[in-house]
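See structure below.
By letter and in written order, the chains are A, B, C and D; residue numbering begins at 1 in each of them.
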Amino acid sequence: MKVSFIGLGVMGYPMAGHLVKAGHQVTVYNRTLAKAEKWRTEFNGNFANTPKEAVQDSEIVFVCVGNDDDLRQVMYGETGILAGVKSNTLIVDHTTTSADVAREIYAKAKQQNVSFIDAPVSGGQAGAENGVLTVMVGGDLADYEKAEPIMSAFAKFSKRLGEVGAGQLTKMVNQICIAGVVQGLAEGLHFARSAGLDGPEVIETISKGAAGSWQMENRNQTMWQGEYEHGFAIDWMRKDLGIALDEARRNGSHLSLTALVDQFYSEVQA
Amino acid sequence: MKVSFIGLGVMGYPMAGHLVKAGHQVTVYNRTLAKAEKWRTEFNGNFANTPKEAVQDSEIVFVCVGNDDDLRQVMYGETGILAGVKSNTLIVDHTTTSADVAREIYAKAKQQNVSFIDAPVSGGQAGAENGVLTVMVGGDLADYEKAEPIMSAFAKFSKRLGEVGAGQLTKMVNQICIAGVVQGLAEGLHFARSAGLDGPEVIETISKGAAGSWQMENRNQTMWQGEYEHGFAIDWMRKDLGIALDEARRNGSHLSLTALVDQFYSEVQA
Amino acid sequence: MKVSFIGLGVMGYPMAGHLVKAGHQVTVYNRTLAKAEKWRTEFNGNFANTPKEAVQDSEIVFVCVGNDDDLRQVMYGETGILAGVKSNTLIVDHTTTSADVAREIYAKAKQQNVSFIDAPVSGGQAGAENGVLTVMVGGDLADYEKAEPIMSAFAKFSKRLGEVGAGQLTKMVNQICIAGVVQGLAEGLHFARSAGLDGPEVIETISKGAAGSWQMENRNQTMWQGEYEHGFAIDWMRKDLGIALDEARRNGSHLSLTALVDQFYSEVQA
Amino acid sequence: MKVSFIGLGVMGYPMAGHLVKAGHQVTVYNRTLAKAEKWRTEFNGNFANTPKEAVQDSEIVFVCVGNDDDLRQVMYGETGILAGVKSNTLIVDHTTTSADVAREIYAKAKQQNVSFIDAPVSGGQAGAENGVLTVMVGGDLADYEKAEPIMSAFAKFSKRLGEVGAGQLTKMVNQICIAGVVQGLAEGLHFARSAGLDGPEVIETISKGAAGSWQMENRNQTMWQGEYEHGFAIDWMRKDLGIALDEARRNGSHLSLTALVDQFYSEVQA
């Protein structure tokens, strides 16, 4: 199938590569040209000079850029995706954004008979590289069903959680849960050190039980050694918690821990 | 082997039972007599009227009562454990207490040539009933090695983490980590509901990834349904966090999340 | 002087009245007509049907509406203030908004040779009614000096804190400080009640010392009686803290307490 | 009147001096002898080598030592206050302690027909030196009335808030309120700096209004300059918040802000 991929960052670069490996004809666009050229060399694909050009002949357009503003920039305007897509194209956005911008673009796309689903991912850089991401989708069922087999090139699990925006909302739940797990783990290990315990032995003992978590299993060593960055930059986490806190302000949720952890992160940001 | 078990509560009752099933000759003591009588009927054991009597002929004495004060009450005084034990007896305390009281009893026991290890457990009521607890031990190595095969009657994993008190300190790390996981999960599910998402579908999607945890796996359903008590009473959790926060005050740890969660729990306590 | 006042809410209504009493010729606009009519009857002024009409002949235009969006609505568009003002008019905005929107309007106004200063107030409903508000101003010095004598009709103190936006930033500092004072006072009184103390006697004892505050002096009675709303709705406070937290995200401040108190307020919002 | 003063620290030293100046015959005791000698030289008094000796002939005994443990050490034991006082003596304790230890000593004193009131103070080092402390008293009314005129030597205000312990509980309310005020002020000033505002000008503008407080009035300059210690060591504040949090655990109060601020302080402790 002819597909496009807009945004060859840490996540998008390998995801677009998996689409090639799955047999699709992939045209990419990246703001910084060098990455697009490198990608074309590494995989067997094409690149275009604008989003508009990149999406011209595609049935499905994948996007994975940074945040709400970035997404608006590649979608709108004279050289944007919406200026280039044919009717009936499906746009699948893998960026982590607000639910609001997803609804906004869905509505604008509808007006020109184009489909849009929000499809943020989890699994990090390793998940993207190994093609084992989880995709959380919001949008029309038919659109999800059309996207699902293609996304399986880089995803080990995907699910539609509801109307447009529901993917982003689910990603927010994911980040809220992570905020709690990581803060608890960080305080636990910090306490362990202050108490003179051996971190790895403590983790070996408690990780199978009620305190156990993916983070404890996979991050305890780097955390014990004081290495707190893991590809997923603190900046992304603050962006995501900021989105969740804004949404909570609208939907009336109380996120005390999340708000506090977000502030703690502000202290370790550059 | 001749062993004693002091304290037939939610945890101690089945633990003492497993010792019988493993072939030991078990004498129990419980403050409330009725429970001791029920236990004798259910398992094939004896009971005594005071801790002192209960421990008279034993090589190992297991204890599982409520808190620091309770432990002091069954250890000290005219009818207490230390008044009854022979030289060379090993006392194994499964109560979750402060590290301080463990060190205090260790020292007093040493004076009469008696051994003491602190051995708090995790795994909850189900773990005690199914004999699959985790035991976190602090104390002398030889004592741990003596206790380990006997404790395997009710434990699937045990480990010595250091000198006396280290078991309690490890349990504190466990509870600190749980405080974070549970608070994050609670806020995540609360947000999911406010956002109109389907809780179980969200959990199905995110539980295998970086947000995943034992709590998410095992508690999401009851939490989604708003049932927040799971055998492990909120009172125990507050007791344990209180112990951890006291210890943190001494060892200089910073436990912002833990302190806050402890206060939140105060609002749901009776 | 010919002046206009846009927004006759709890604050704007009496503020505009004080301008009349000070001898100015005041034309008002209010979205809800009934309030404008009531105002005209109570004071000796005129009202107009749109912001544009209201500001036509004025040298200074005062604004006091709800939030960023409201402000944009009365400023922009075919019937907005900027469509009506003459060159050299000075717009003084008393709304509590973000610093961003102040800068945005300042820039747009400049393009048509119109001046803008941000001038949020403190002092609440009583301060507005009694004409004893404090005004925190950001903008060009000459503009401040022009506005200052007119604002003295409803202000007991005003100060220019820097370029455009500085008034709003100062108001944010004000609200952050209040968040801390009020939360401390609320917990103190709550503790006092739990401890069986007599609230008013406690306050009498501690209010002159290091724990003392305007809030303790003026709000302890209503707080002790459990009446937590004082004209200044919790909704305004959350709006203001939300603005401060957004700004902190940009300027890199760490506002742990503020973020937490903001979440606590979410629990008491309707 | 013959009085004694036990504990010549930052607070006790000048307080005992004021008693001399008020015409009383004062015998002091201090653990570190050098301070007692210095005090005797500076004021016209006597010192003794043990608390017991110091209190022998006194009608009233004032105490101002460090914490619960310190208080127990000067009260109990062979050379303690209770070993030395005559029947009908009144002991006035100015130490900030738990309410529990106050109740404990009250009961023990009663058994030997001795009176005890808890009388923690606020006003800091300056208040002690200038004799303008505030005294918060718990105990029997007659005892308070007996102490009040004597205490006026160093206090500008004193009040009995209830039975024994009520003074300490009131002091806890005081510290809880301060925790909120100071944290809000610290975040406000920190934000002001990040926002490029001029701290003193901001304070000048907001300090008379709803954000105003004793702390803002008296501490803004040192805080703006980043000097956070003011004679009142962070260690004392943590001790006091620890006492309040322990009491809250018993009386069922929810002190989220207080608990969090206490943790923040842990990060700046040596």
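Here, contacts are C-beta pairs under 8 Å (C-beta built on N, C-alpha and C of every residue); 3 or more make two chains touch, one makes a residue touch a chain.
Computed from a predicted structure; not experimentally measured.
J.: Between chain A and chain C, what is the separation of their C-alpha centroids in Å?
T.: 40
J.: Can you work out the whole-Å distance between the CA centroids of chain A and chain D?
T.: Averaging C-alpha atoms per chain gives centres 55 Å apart.
J.: Find every residue in chain C that makes contact with two or more other chains and list them.
T.: Those would be 248, 252-256, 260, 264.
J.: So what shape is it, when you link every pair of chains that touch: line, ring, star, complete or other?
T.: Ring.
J.: Quick one: which chain pairs are touching?
T.: Touching chain pairs, listed by label, are A-B, A-C, B-D, C-D.
J.: Write out the stretch or stretches of chain B touching chain D in their complex.
T.: 238, 242, 245, 248-249, 252-256, 259-260, 262-264, 266-267, 269
J.: Spell out the residues on chain D that touch chain C in their complex, using ranges where they run on.
T.: Its residues touching chain C are 99, 122-124, 127, 134, 136, 157, 159, 161-162, 166, 169-170, 172-185, 187-192, 194-198, 201-202, 204-206, 208-216, 218, 244, 247-248, 251-258, 260-261, 264.
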